[in-house]
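Paired with chain B in one complex and with chain C in the other, chain A is shared by the two complexes that follow.
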Partner chain A sequence: MSNEKTTIIQPEDTDKQYNTLNLGPTHPATHGIFQNILKMDGETVMDAEQTIGYIHRAFEKLAEHRPYYQVTPLTDRLNYCSAPINNFGWYLTVEKLLGLTTSKRIDYMRVIIMELARITDHIICNSVVGVDSGALTGFTYLFQMRELVYEIYEEISGARLTTNMGRIGGFERDFSKIAYKKINEFLKKFPKVLLQFENLLMRNRIFMDRTIQVGSIAPDRALNYGFTGPNLRAAGVDFDIRVSDPYCSYQDFEFDIPVGTQGDTYDRFCVRDAEMWESLKIIKQALENIPEGKYYMDEPGIYLPPKDKVYSQMEALIWHFKIVMGEAGYPPGELYHSVEGANGELGFYLISDGGRTPYRLHFRRPCFIYYQAFPEMIKGGVLSDAILTMSSMNVIAGELDA
Partner chain B sequence: MNIDYLIFKIVLIASIFGLSLLVAMYATLMERKVAAFFQDRYGPNRAGKWGLLQPLADGIKLFFKEEFVPSSADKLLYILGPSLSMFVALLTSAVIPWGTPVVIGGKQYALQVADVNVGILYIFAVVSIGVYGIMIGGWASNNKYALLGAIRASSQMISYELALGISIVTLVMTAQSLSILEIVEQQKGMHWNAFYQPLGFIIFTICAFAETNRAPFDLPECETELIGGYHTEYSSMKLGFYLFAEYINMFISGTLISALFLGGYDFPFINDMGFSQNTLAAVHFLVFFCKISFVVFVFMWIRWTLPRFRYDQLMRLGWKKLIPIACINLVITGVVVLLTQ
Partner chain C sequence: MDYAFVLSQLNEVFPMAIKESFGSYGCETMVVEKEKIRDIALHLRDKLGFVFLTDLCGVHYPDSDLPFAVVYHFHNLEASLRFRLKVFLTAEPFVETLSDIYLAANWMERETFDFYGIDFQGHPNLIRILNVEYLDYFPMRKEYPLEDPTRADKDDRFFGR
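What follows is the complex of A and B.
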């Protein structure tokens, strides 16, 4: 990328007149509110400048004024396509601060939900790549499957999109029989539909022409920007936090990391597609090997005591009160914990001064990083390429602006 | 020219005019139902049985929408754009033979508004004007997305009309006539041109997609890139005119494909069944209509299945593939016609 600052309003080359096109903030293809100011020569994108902050909600500042357990709803609203991963990432961070290790059962339950969330996220991204390339039908097939996952969420946590699922130290309740039934139903139905979707698009000549060598990024450039997740793996770097730094018992599962070669839109599409199959494998293994046990950590002062004890025992009532008021007593410390979000490395940089709220909390949001590379990736392409590149990177406005 | 002839023609014109509008209206419903079928959902089903009143409801809604003209738009051209599109779309059906002649009071009346002996040329002349509606509308709304859509539309039309024209020339060479009625009559008894001119048929169909701005060639209005393309700034019935024109054009393209390549109103064994002439005309009309509906269904089928081309790929397909193939087809047809004469 050229380092000179691009001035959009007055082109440097006065002989040639460029056209300024505002792609966004409200454009059907931006899937959220963010703006790109494109410098166009006809249909060709000469330069682009991205604008962020349209839905900045100051989550990091808000988190400084909330007890730890109340930060979870904020994480929901980062990448709302895969909210449970954000929730559990936050819990894992807090548990790391507390120095707790969760039981295998909790880990496996979390893994099941996180992989379901990864599937929904990839469903959204890939079907939207289809929609933006003009093939609307695959979208409706996959979205019916997403609905099944949302019903699973609903059964487990009561919410669908912004789940606020689980608690620090476990889950609020065990998976019900219906939940297991729904997960198994999903596992049975989803592969067929995913195959249908692949048949519609993957070897389609028009789709391949539209996506291959479009919006590509070299692995070293991707690493320099700080790419992670499917977008980095599409460029050919086999980096996955689930394997390189396992959390939540991911080391127990057998799965592959799909890697692309070109780093283009087609590779991103294929990597996400392959990851859905891998996620299915992980969920199946987790369901088979899930151990019996408690769905929460019996740690006083961390996990809310059961209601009947709160009503009958003094200690339980005190702990209940302290936890709800955020006075549970978190140790001071400074730590970084990251999980493999559906979209890339989702990190939580937490500084605690021992008070009731985080002293400072920073979210490492993968979308924010991808979006920086966007102008470099679309330069020289045409407008249609820019749209497809954006949707294949899966930049979610909520996560971008936080 | 006598008075009953005049009355018949006026009735015919009115009914074809009405039919075009009705078909365009119900093509929207069909489109949505077909899309719903492909996408595993219901489609409109609230207004009337099977959503049969949905087009009416849509029309009424469009009528009562705010009539909005952007302050920076060129007012006259802004209104001229959709009017021209609609006008041109309605003109084309004049030379289509809808069936064999009917007999009323011992006199024969052709089911065709005008049997122009250069019918094909007429259609080309009229259809080519259609792009002006889009171009003028897109330019006059003074919006960059609309302008991009208009530019795309015009360059797309130019490149695809050539291939379309050449594929028609081959057809004319074998048919030795420019009259659509005669071309249809020649195909009687399953001598459909699609069998004799398969390459021309395919090229014509592809170009018809491009001419009607339908997917995979819907670049001028692709909503994911250009918001609404050339009709981004349009609202109310002006938008309705554009949408209507698109559906009428699709209907007309279906008509042309059926008439020129799929035998028009011809169907095996119909002529041997011993129908009276008027029944035969009705059956012919029905057959023709079914063929058109099938072609329109194919249009929709493709729209809801394939992704769309990119602008440069579209141009490449037009100039580097379709036109050379059409030219080769032209040469081969010329040689064959010369040898068989």
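What follows is the complex of A and C.
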């Protein structure tokens, strides 16, 4: 035996024990193009930093160079999982600028579509939470239902994902008989499937163990971080713009605001799930009470004239041209209008100088603001919990980067 | 609580700080001295219940004496009251940060810096957020064209762009 002592070399700096892990930018678990640089101690996340902007498309700069009509396709591409909400939010902003009050029929039609869009958005978020916790089956059930909603969009606007639906001052056409049939078919089929999905996950021991007390946030922190939508309500704050600042006749409908208590992944899942049932309630009420009337406001100079007149009458052609080119005369003004998007308060801050394009248009994108809290929510947890937290926050890359 | 109460309270605590107050489209707006913005935000959050910073963004008015503005939207959830607060800045724009008062302001200030070059003094990590790091201009300023103006293959003059 030699007398050599074995020495264990201690690292001088404890920081060197940590590993750096890049989660993203194109990782299947991020569900979008954004990067998280995680500082790991074994499986435990010690710190995180987000890098975003990979699909920045300069929408605010583009909007300053486009007539009001041409801004709508930009809003489609913010939260593309619920594009009609963005479209109608933008129309409502412009209608507020113009001082235009839409008729009940238009409001109700919009409400039906917006609630369908909310359901599709929550379908994506909740089923993906299931996938990330290892339960793929629920995803396959629910995604068939999303397909039915996209067929409704297709019937109404001709498009499926980026809908560009409706117009300033109404819709481009009335709901057809087929559209009503498809909506009713969805209302009949969806509750059964949603119930099946709930049975798979809601009281599933594995799912509950994976999600309860994972990625939780306290209500005061959530407010300070600018949380809105289901994420804020999961933390226990009953703030919903549909109720606090009703737009588009939401005051006519009876519905509850589901709230959570812990602000964790399970609560976010449950709040989204309950919101789908509330959305179904709203759609049913809107379908029952939808009044007869025109699907557009009779405001020449704001609403596009019918196509057959554009082809046959000179005045209609002139109006069509002026509206599309932004020469219809928008008053100068400055306003902020927000709608309850599927993942939070979607706001449009618009400054008009009376020109053909907005002078300044700022989108308040909910997930850009609440994604800041992500490092705080995952610190001390394990990597697989971080991924679940991220998917339950419903971060949509298109909205994050505008 | 209504806007008149907030305005009178702020006028009492910060005399002369509020330069202007007007309403437009159902949202009251006040223009304040930029030196007072931190104190006003603290007072709004702690004394008047405006715990929520809805939005923060920049605006560029190239023809004005004070060409930059930072626009804040505050929200009191309990009273369901929103209002807008503006500070106007010189051509070398800087203003104190609110990122420690409202954590939500952190990225919004970075975004405003990224696009308008407004320096938020005291911000912990004021670097570009959406654009690439090596960009050497601030793209949302009005003097920067949307597209490369030397392109000969594209003529969009007639389409409002």
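Odds and ends about this structure:
Definition applied: the second predicted complex is superposed on the first by the 382 of 402 C-alpha atoms of A that agree within 3 Å, B and C clash if a C-alpha of one lies under 4 Å from a C-alpha of the other, contacts with A are read in each partner's own complex, and residues count from 1 in each chain.
Everything that follows uses one rule, which is that a contact is a pair of C-beta atoms (placed from the backbone, for glycine too) under 8 Å apart; a residue touches a chain by one contact, two chains touch by 3 or more.
The structure displayed is predicted, hence computed values, not measured ones.
Within the superposed three-chain model, A:130 lies in touch with chain B and out of touch with chain C [touch as defined at top].
Between chain B and chain C, it is C that contacts the larger number of residues in chain A.
Residue contacts after overlaying the shared chain place A:295 against neither chain B nor chain C. By the touch criterion stated above, A:150 is placed in contact with neither chain B nor chain C. After overlaying the two complexes on the shared chain, residue contacts for A:347 are found with chain C alone; chain B is out of touch.
Once the two complexes are overlaid on the shared chain, A:180 sits clear of chain B and of chain C alike. Of the two partner chains, neither chain B nor chain C is touched by A:277.
Touch criterion met: A:357 reaches chain C, while chain B stays clear of it. Of all residues in chain C, those touching chain A in their complex are 24-27, 29, 51-55, 57, 59-60, 71, 73, 77, 80, 82, 84, 102-104, 106-108, 111, 115, 128-132, 139-140, 146, 159-161.
The residues of chain A lying in touch with chain C in their complex are 52-53, 56, 58, 60-62, 64-67, 96-97, 220-221, 223-226, 237, 239, 244-245, 325-326, 333-336, 338, 345, 347, 349, 351, 356-357, 360, 362, 364, 368-369, 371-373, 401-402.
Those residues of chain A lying in contact with chain B across their complex are 19, 21, 27-29, 42-43, 130-137, 140-141, 144, 200-201, 204, 206-207, 209-210, 382-385, 387.
Those residues of chain B lying in contact with chain A across their complex are 35, 38-41, 144-145, 148, 151, 215-216, 218, 222-227, 304-313.
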